[in-house]
């Protein structure tokens, strides 16, 4: 394991110290382990969080037009209720707080406990569950679909709604709508190594790829043979299409998993655009880059959302965060 | 069992978990995300340290302190689950200062129910419940058959071990492992493995063997 | 070699097609191989270029407040004079064109030929050479220092000056000043593979790092043993300090080489901030992320520039490009 | 040598470079960035194709077309350098339609001077000049000694080969290899290696051996 760290146990603290130094406009609470701005009086507070190792998610999305606070857990480990509660209290501007939760048992349970504790303290808390990963069969007999790339869309769009004054119920509703309209699928070309264990999450052969991989190095649906970017994009989009027919106006993200160079993501995006156009769909907005990563894993995920004029407007609304910035 | 016996249990559990953290992590790497040992070591170490400082003067207070510490420090799915288990067990003990065999049985049952309710898993889903369930049942059978605490907890630990073995052929339906579906068959569940350690620590302490 | 590409020979074309689809506001000339905006009448046109594989450099820096055009060569291979000439003509707004050239023999020669050809056609062309990499001894007996991270600073700051109406000579002067005040040093934890050859540029052992590495996988000053982020930052900063004493107000970039996760760059940035503060210097501005990469190489480079109030103002001026966006 | 002989030279050079591209790239990987073979194959293939289409009716026009093609398509350091070499050689031939042994010598010298001026390298810096310089000298010595074109170009090719061998102990002072300093000692220079191929192609063609 070669990593730019000081010690496996210090990764999160050191990274937060670095983040705080890099973004002096944001507050980093090292004690309670959250990154925040605000609170903004009268605005619904948005709190997300999850295991670290997915940067820029979530800390890089704190700022105007997006999150109010992010709670990073240890690498690939859910945050704990205490930090979620502290962040929730810190960003409550009197209009309640919305928790944006990726659907992993650990995240769900920890957020749930925090919400209960916050409720005990008289705060109004709602939560939106993100579960957009079509690689996992959605069944009542499993923990359900994982939350992946759709999280970026939910955080951006709910962020815009909250900034415009939507109330807690409305924020939750738009968050659920975004989630309902979003689907993701990921493919890994290499594995990753968690600093604490120093060993790869799974092993991939020289010509193998993991199809339907999760963002924690969870093995995917199946193991495949390396092929072209065009075919890989096709596999991902077919899987999405089978679940949510791809037509009309789309928001598309081609997301790097951490170890894949940007030039390859452009190549994938070309293939995605070609595929979707040939099916008669229109990409009206896009993101190409590293937004929700899995440490140094090579590969990419593709997330698609079916747009509406309202959602497009919220997507276009200004955002000023470390990792996403446009408008004013 | 008095307050100090419960403290001893937690201490022994923290020690066993630290000693076996690598194995727990290895099991989790196979069907989860490879952090169960790291998570629990962090959580139980924090619980043990918090206990050293806390003025928990009843067995119930000890278990509730541990529960809060696990929730605060563990993270992952196992933190809230085990934390809730300990808290519910602590609540079941109320203000009792000397826990008898029946009372401990009801505390273990409360733990099981708390975890079951929070995680919404059932026995057979390949989770910690598949070790804890058999342990609670075996404890109660032994207790009803007249066993003392040492005997009942030994029965519980042995049953947990058998329960762990039975998770091997199961297909995971809850938690991170459920994403792997069929591929989980053939592996022990890491949470069931850590439950075995907790039960073994309890049996050790009640047998008077712990340091 | 596992890469998200279709064929080694198609990487650049496919990436340009993807880039064009992702950024419809920019022009991608597939025939002449350049990415451009404008021209802006009366404004000095800024053209940069170089081998591909360093994305987002340079194409990601085309836009308001930065470049007018970028000419990507094949992966790690200088662009050719034809495309540089075509881009130069395309962005000439009547106030002349500035070439921003990283100091590699190939880049220098190809830009020089393009400038001569443009001169023959009556265009006014100046050029600024970037050579900020202290890992290379500067000597009249070598090709001189390489251009690396300082390029980002030059492109941003000259971009702001040009946007404000500075004339060609003034743009060239500010570019040279930025270069004179900037120094970089890079360290690689892993190597990279050029698609065309399919083989790693050099080999690194399990615990080895390449100290003073170039952005093309050129081996560095020396081979070292893996150590902490803190020590690696120290080695880089000491090398820079030996060449340009680090004091006063600084602009600092901690740049990922392509395969290193963002969380590690935060850890490095914490170490950099600690080091510089302990020396009494002040980081007044920073960038942490992937800005000038080397395909999938793991590692980072550190670039430092000694600030002046004027340069700070130009740095803060609005920029709206795919990879760098702030202000308005 | 008439126009078609020059076309044959370029064709044979393109063939030799394509056949040896991997070796050139391997040499460049050792002390540069591992693209010399890829660059030159792309450049000479383009030059050969452009010649097929171009109406270059004199030897000088052939060489100038090749020079322009190399500049347009090669990239890297070697593109402008070789491109300039061919253009200067072409210019030196002016409108001559049948190139004699002296004229070819002056063309080779013009190529050397063009490359030397553009790249500002000197013999001994471990570049293509370390093969081209000896080749030009040997050509002229042979020509002055009365050799015909076939003989003079054979001498040039042999000298280039010796020049290449002499780059091995040299320390690179120009181009990308110069970053490596001492580490370049012990390796052939890739540009010198490609110059050998160009000279060998010329000798082959003038000896009437080319297909």
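When the chains are written out, they are named A, B, C and D in that same order, and each has its own residue count from 1.
Simple rule for what comes next: a contact is a pair of C-beta atoms (placed from the backbone, for glycine too) under 8 Å apart; a residue touches a chain by one contact, two chains touch by 3 or more.
Note that the structure is predicted; figures quoted are calculated from it, not measured.
Asker: Averaging each chain's C-alpha atoms to get its centre, pick out the one most distant from chain C.
Answerer: Using the mean of the C-alpha atoms as each chain's centre, the farthest one from chain C is B.
Asker: Calculate how many whole Å lie between the centre of chain C and the centre of chain D, each centre taken as the average of the chain's C-alpha atoms.
Answerer: Chain centres of chain C and chain D, defined by C-alpha means, are spaced 32 Å apart.
Asker: How many angstrom between the C-alpha centroids of chain D and chain B?
Answerer: 77
Asker: Let me have the rounded angstrom distance from the C-alpha centre of chain B over to the C-alpha centre of chain C, please.
Answerer: A distance of 55 Å separates the two centres.
Asker: If you connect every pair of chains that touch, what shape comes out? Choose line, ring, star, complete or other.
Answerer: line
Asker: What's the complete list of touching chain pairs for this entry?
Answerer: Chains touch in the following pairs: A-B, A-C, C-D.
Asker: Write out the stretch or stretches of chain A touching chain C in their complex.
Answerer: That would be residues 2-7, 11, 14-19, 21-22, 52-53, 55-56, 60, 75, 189-190, 206-207, 209, 226, 228-230, 232, 258-271, 273, 283, 286, 288, 290, 293, 295-296, 298-300, 325-326, 328 of chain A.
Asker: If you look only at chain D, which of its residues touch chain C in the complex?
Answerer: 25, 29, 32-35, 38-39, 42, 71-81, 118-119, 173-176, 178-181, 183
Asker: How about chain A: which of its residues touch chain B in the complex?
Answerer: Its residues touching chain B are 51, 73-74, 76-82, 104-106, 109-110, 112-113, 136-137, 141-143, 146, 194, 196-197, 199, 201-202, 214, 216-219.
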